[in-house]
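Here come two complexes built around chain A, the first alongside chain B, the second alongside chain C.
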Partner chain A sequence: MSRADLWLYVAQRVSAMILAPLVIVHLLTIIYAIQGGLTAAEILQRTQGSLLWGSLYGLFVVAVAVHGSIGLRAIIKEMSIWRGRSLDLAMGLFGLSLLYLGMRAVMAVV
Partner chain B sequence: MRNQASYWAFIVHRISGLGLALFLPFHFYVLSLALEEARLNNFLQWTDAPLVKLAESGLVLLLAAHMAGGLRLLVLEFFPWHDWQKTVIALGAAVAFAFGILFLMRAI
Partner chain C sequence: MSAALEETGQQITLEIWRGQEEGYYETYSVPAQASQTILDVVTYVQRRIDPTLSYRFACRIGMCGSCAMMVNGQPRWTCRTHASKVLKDGKIRLSPLRNLPVIKDLATDMTEFFEKWQTAKGRFVPTDGKSQEFASVEPTSTGRKEADAGIECLGCGVCYSACDVVAWNKDYLGPAALNRAWTLVNDERDGDKMGHLAAVAVDAGCHACHSHQQCTTYCPNNLNPTRAIAGLKRMSVAAALKGDLK
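Showing the complex of A and B:
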């Protein structure tokens, strides 16, 4: 395992440990929130101006951008012949896109 | 692969991870529609359709399964438990958690 791969492995595990409790909170919130249908006003009422939801979702987005891009890279390496710098670059861009779209979503609801 | 159970846990983790990674950009895009509340409401009305609800339940199942499978991996790597215990406990938790969530979503 190269030094870079080792760091990716560590980042994947650390992000997983951050994501696990956040996913539990997310699943419970989903089940609570969908009762009686879902409206934009209902979502915004819960999230707008909330430092707690803003920080939780912000952390969620950072962790998932790291975790998702490293995970996708591993799957592609395992199931295709694509590897090397172009794959690393593409997965880096995927992670950055997730970060951008995710932060934009957080800013829209908080 | 050590045994069939761990092979299936591996497959489920891969498929759920891939599905979630591909779903996330759409999820984030839809949430950013909240910048104009009416646009988000239009989209949410579409999610009332039964087929969409079914697909959403599938996504929740993917998320719960990936989380439970991921916890299993973390336990395997960081705790000195016996192999068969880890697999059985984690798979049980994964299935129970996933079906619990799915049931709740369908029942509400």
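Showing the complex of A and C:
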């Protein structure tokens, strides 16, 4: 793809914009959820069959997979001499793993 | 000693880097004088104590940009830095500019620094001038103001030396080259705006900048390369979204 570097930069910024409010929602939910103790039953009661929580955390996972893999690629380029296709491939796989693991977790509670 | 130079009776302890990448700090004692610059004390050492000391300078008055060194760990023009202002416990430590290979002592090899200007396409591209009238450039136009703000770069390498991203990523084009590219994309007489953007909108180009603003903090000419780089980021994304930047 031409100008792949630039589109990765755009994807990184856009995923950050999506993540910012979602992280706040996530943190507030944690604080709310632990009031009076935390049980699996309570969590599942909130999430099971909920389109809202399912799509919210589904979007969270997609944004994390995009943001995390691009970010890690940039960090590796700054902190090591690893470059090129092997790095891009590895980071692609890392992103897909995040997507798979995250989606699996979302599916388990929705 | 010239009568014009006021002796203060005190001594400055200088620790100067000797050698190349491998080397050591050698200690010299130099008489303190009023209004003495770092370049003055280095010159004193070279002329009176140790003629084998290598360093670089030309104009001595802050218009050539060739005397930059690390002074107590910070990149500075030595001709524009008063020794009295940077003394720490009566001592000054001088090293060659960071992020550049050392040739000898305080002289660095600036080849990669200038080659990156070429990689960033930091040179003016003329249009077909024959068929055109002289360009009339409005001094108050937005583009001209942006270009003017960054045009006074002397290529001294202080920003390149101050930049952490350069230290981390050897491919990074650096603040000076990107600042130059920004002045060109804002120059309405330049014939290849997209060519300049294409050269800098790469992994090791403007998008690698972390906006730490070390370049802006240390630029002896008070330029703001961080602002220029932010401009390149915005302009290249906008051009790519419009489909102009292929």
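A few comments on the model shown:
The criterion applied here is as follows: the second predicted complex is superposed on the first by the 108 of 110 C-alpha atoms of A that agree within 3 Å, B and C clash if a C-alpha of one lies under 4 Å from a C-alpha of the other, contacts with A are read in each partner's own complex, and residues count from 1 in each chain.
In this text, a contact is a pair of C-beta atoms (placed from the backbone, for glycine too) under 8 Å apart; a residue touches a chain by one contact, two chains touch by 3 or more.
Keep in mind the model is a prediction, meaning the values are calculated, not measured.
Of the two partner chains placed by the overlay, neither chain B nor chain C lies in contact with A:W82.
When the shared chain is aligned, chain C comes close enough to touch A:D5, but chain B does not. Comparing chain B with chain C, the partner in contact with more residues of chain A is B. Once the two complexes are overlaid on the shared chain, A:L98 sits against chain B while remaining clear of chain C. In the superposition on chain A, contact of A:L72 is made with chain B only, not with chain C.
Counting contacts as defined above, no chain A residue meets chain B in one complex and chain C in the other.
Those residues of chain C that touch chain A in the complex are listed here as 165, 168-169, 198, 201-205, 207-208, 233, 236-237, 240-241, 245-246.
Those residues of chain B lying in contact with chain A across their complex are 14, 17-18, 20-21, 24-25, 27-29, 31-35, 37-38, 40-41, 44, 47-48, 60, 63-64, 67, 70-71, 73-74, 77, 101, 104-105, 108. Chain contact summary for the complex, chain A toward chain C: residues 2-3, 5-10, 74, 77-79. Contact residues of chain A toward chain B in the complex are 13, 16-17, 19-20, 23-24, 26-27, 30-31, 34-35, 37-41, 43-44, 61, 64, 68, 71-72, 75, 94, 97-98, 101-102, 104-109.
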